[in-house]
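Input: a single structure, listed below in structure tokens.
When the chains are written out, they are named A, B, C and D in that same order, and each has its own residue count from 1.
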Amino acid sequence: MTVQNPALIDRACLIVHGPDQPGIVAALAALITRHNGNIVTLDQYSSDPVGGDFFQRVVFHRLDLIAAMGDIEADLAKTLEPFGMEWTLTDQSVPKRMAILASKSDHCLLDLLWRHRRGELPVTIPMVISNHTNTAEDVRTFGVPFFHVPSQAGPDKSESEAAILKLLEGNVDFVVLARYMQVFSGDFLEKVGVPVINIHHSFLPAFIGAGPYRKAKERGVKLIGATAHYVTEDLDEGPIIEQDVVRVTHVDTAEDLQRRGADVERAVLSRAVAWHAEDRVIRQGNHTIVF
Amino acid sequence: MTVQNPALIDRACLIVHGPDQPGIVAALAALITRHNGNIVTLDQYSSDPVGGDFFQRVVFHRLDLIAAMGDIEADLAKTLEPFGMEWTLTDQSVPKRMAILASKSDHCLLDLLWRHRRGELPVTIPMVISNHTNTAEDVRTFGVPFFHVPSQAGPDKSESEAAILKLLEGNVDFVVLARYMQVFSGDFLEKVGVPVINIHHSFLPAFIGAGPYRKAKERGVKLIGATAHYVTEDLDEGPIIEQDVVRVTHVDTAEDLQRRGADVERAVLSRAVAWHAEDRVIRQGNHTIVF
Amino acid sequence: MTVQNPALIDRACLIVHGPDQPGIVAALAALITRHNGNIVTLDQYSSDPVGGDFFQRVVFHRLDLIAAMGDIEADLAKTLEPFGMEWTLTDQSVPKRMAILASKSDHCLLDLLWRHRRGELPVTIPMVISNHTNTAEDVRTFGVPFFHVPSQAGPDKSESEAAILKLLEGNVDFVVLARYMQVFSGDFLEKVGVPVINIHHSFLPAFIGAGPYRKAKERGVKLIGATAHYVTEDLDEGPIIEQDVVRVTHVDTAEDLQRRGADVERAVLSRAVAWHAEDRVIRQGNHTIVF
Amino acid sequence: MTVQNPALIDRACLIVHGPDQPGIVAALAALITRHNGNIVTLDQYSSDPVGGDFFQRVVFHRLDLIAAMGDIEADLAKTLEPFGMEWTLTDQSVPKRMAILASKSDHCLLDLLWRHRRGELPVTIPMVISNHTNTAEDVRTFGVPFFHVPSQAGPDKSESEAAILKLLEGNVDFVVLARYMQVFSGDFLEKVGVPVINIHHSFLPAFIGAGPYRKAKERGVKLIGATAHYVTEDLDEGPIIEQDVVRVTHVDTAEDLQRRGADVERAVLSRAVAWHAEDRVIRQGNHTIVF
């Protein structure tokens, strides 16, 4: 059973990408029309009109969408196969299930919980997992289950990762690392099987790795930033979803940078999460198309 | 005879707007496909999927576009008539002809001339008209004709306006007021018959009228801005194309505001001009849709 | 008894302003030196070196500050009297007492409570007062007392204002209106006797009065903003402390503007509150000097 | 003989930095007072009030400054010697002499020339040197001498560097590399003997080295930037004066990034140049204090 957003009932989101070719927009629009869909918004991008890649996001309204989904999917498969294109069709009234992983810092975690309560994020939050306990009461005040999975000392993280996997398995559609300070193994990322979004506390690719605010202070930069990206095995190298910066001066200490950076982190992460939840982000190699 | 941009040969830009209805995207995409066009970019917006207004901009590639324009236009007329929609089809390789009107300040004028020389603005500049002569040599260095039309003393501007109209008539597709400090009569705006873009030196609707930097200093604002808008009979009330701001402090004098504002003015105006020249701006009542 | 911030023990903040004159910086620096103070930061501004106004904020360290305060104050009175200048000397280890007034919206209120808990705001929060009850539980989770004072129907607000005054009297050093949706009478502002900071949900002076997001949508602006200002009897005309904006497009509905504006509102208000709490803001007529 | 700015006659700028210690502000203010100076602006910063570094910039007015300079300098030497501090005293009415080095790109070069003509930069420009000739006519239109020093093929740049040094020697107070695309040898930097400011076309330390816009496109960043810094032997590692960024999307090609980045480059460089010319920038190791 799924929780439904009444305002989005009968709205479908279709994502299509693959090699660009003449007639693809017309073919898709005709398909939606013959299934009695009415296009609400359409975004399209071609990396190159000749020999490039084609990306499209269409939101359309269709009465009794649920009943029609099977037919539309069958038609999409038939229509897009000759074009060699990938596609996903989602019912927008079904919110994605988002798990949040956090550590001691609460700014990103609280901002996501609060935005969710305000109705700004089209997700459900089945759980928050943390390797610390300090945020448990806050999380539960929002009516969200809190699970404590302590960090495992030493380089082998297999037990704590297994405990996290067991909690996530079958329960979530994506995972958000809201300043979660543990690095996952490649094995974990393979097994988790859903997209993982991280917020990195620097303007990547500047200051890769640990201690970016300290490094920023040492280098004497005049702006600091934050980066939300999909997690891949290559640490800090995953596809970037969103970035932003804030101005600093010589007066700011490394602690000031951390405090001011926290504001950028929560803003950037919440935008990236909303866009992902609304199927606005398409991954293409190490890049993202954000519609 | 028209000057052509070789990179844009065989590219058409189609703008469509009117009452939204099911099937319009599909109908337009099918039309482009049956005229052997290949969609390069497509932007679409509906103010409301039920009973709202529909706006679309499509750029498509079509070999031998010039030969096909007549057929496509006829088809568009036939296809869009039942929908009650307005449309324009332009050949993107034909740059719009832009006249610039200026006064003593040179920052907006020089920025436009320089961007044009760099190839950033898809326009030709048949003339600069000024009520002062101080920029004549600079303008001519860019290979652009300069005409001096002095301001007319007193409230009656009919002679100077007539002189300007005579220069513009038949020679331009739009007019840019690059800090031109004379207010045109309604009669002029009616006769000029092409869009007129103005840069106002405030963050409209704040500080309407004369002396916005002085007023901003008096009010003690912490940001100042600039606004590019289409000129209508209602001074400072025309549809806004673009705006931006810059941070100021108590230290800045009214003169400092003017100097720092000049940077925002030229940036905002150049963006608005480029968007207009690329047919990215659709006027709808007192609003703009910017694709 | 006052709550103390140990990191700021023995730090004094001296604010001086008045008619500029030669030697005033030297006189103040000499005074601090002869009381064994060591200057940590010094900010100075003159509106005009000849016949203008002088503003200075100095933070200095002095061992056993509390014991020395009386002597320093006596010396300041003696030294500054011939110059006709106003001054305030505060012990930075004593946080200001801040009351928050709110209505139904929680975004500004929660952001202040979060930041306070993280140690970002050098204040104590003796109470939150609201004319609604929806935020009571959230507020009390932070260990802050919550008082419900319902709005009074009709134009006469004297009873509800009296109830608020009774709660505030003697208990607070300044009041923050965190999207409090009632307008105070001039009588209230006179009686409250402490600075009152408001967050207005527009980029003042644009869209003065009620419904600024609706007005912004109607005018078709490309940026929306928020303004933190001291409250005076002239609604929306008080001295501006801080402003900021965010970019919007034709796609954003009036509801989107409200949601996106909320992020600017809480950011702008939290900066203004921090600066006020740190004695960085000096009022001069309808302006502010922010050091 | 020096060119004078009448508005700044009798204004001195004193920069002092060194180990922080009690009484230094008072000692300097007293010194200025006893030489009949009146402080116009004073900025002060201590990296740490205990054992840190002290930085101060004071602008003061003193009638017949030129006649008094010798006495003030002698007093400064005597006063600051016991503190072990460095200082410079400059007559603000004497503009610094700035040489500009450029290559083919004209955006930074022209922006500096325009701003100088408008009176925004308190400098004289005795020469522009380029390894290309395409900007010669533009430069001479501004009444500025243009010298062509072709690049030397191969790794040995000693002849072209010697030619440049001969032009600069004794004629300039600082050098601006306005997108000059040659890397100077350590030997050149030692011999030139004046500060050299460079504009790097990335948000350092991201995308160090050549081709930053191509690298930015490859990494898929959502913001691009520019950095003005003092040139040191370590390429792209010198003290940063100013940085800024602009938002980009997946739609922007590497060429778009270059074009949009050019706007950031010229804005950042012009701010850095103005601040350096006004003695607002103090170098401290690999950092800058910008007052």
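Some points to look at:
We adopt the following convention: contacts are C-beta pairs under 8 Å (C-beta built on N, C-alpha and C of every residue); 3 or more make two chains touch, one makes a residue touch a chain.
Given the structure is predicted, the values throughout are model-derived calculations rather than measurements.
With every chain reduced to the mean of its CA atoms, the largest distance from chain A is reached by D.
More C-beta pairs touch across one of A-B and A-C than the other; that pair is A-B. Per-chain CA centroids place chain A at a distance of 37 Å from chain C. Inter-chain spacing, taken between the CA centroids of chain A and chain D, is 42 Å. In chain D, 45 are the positions where the chain touches two or more neighbouring chains simultaneously. Shown here, the protein chains touch in all possible pairs. Within the complex formed with chain B, the chain D residues making contact are 106-107, 110, 114, 118, 120, 137-138, 141, 259, 263, 267. Remark: chain A residues 45, 203-207, 219-223, 225, 239-245, 249-251, 286-290 touch chain D in the complex.
Partner chain D is touched in their complex by these residues of chain C: 22-26, 29-30, 32-33, 36-46, 49, 61.
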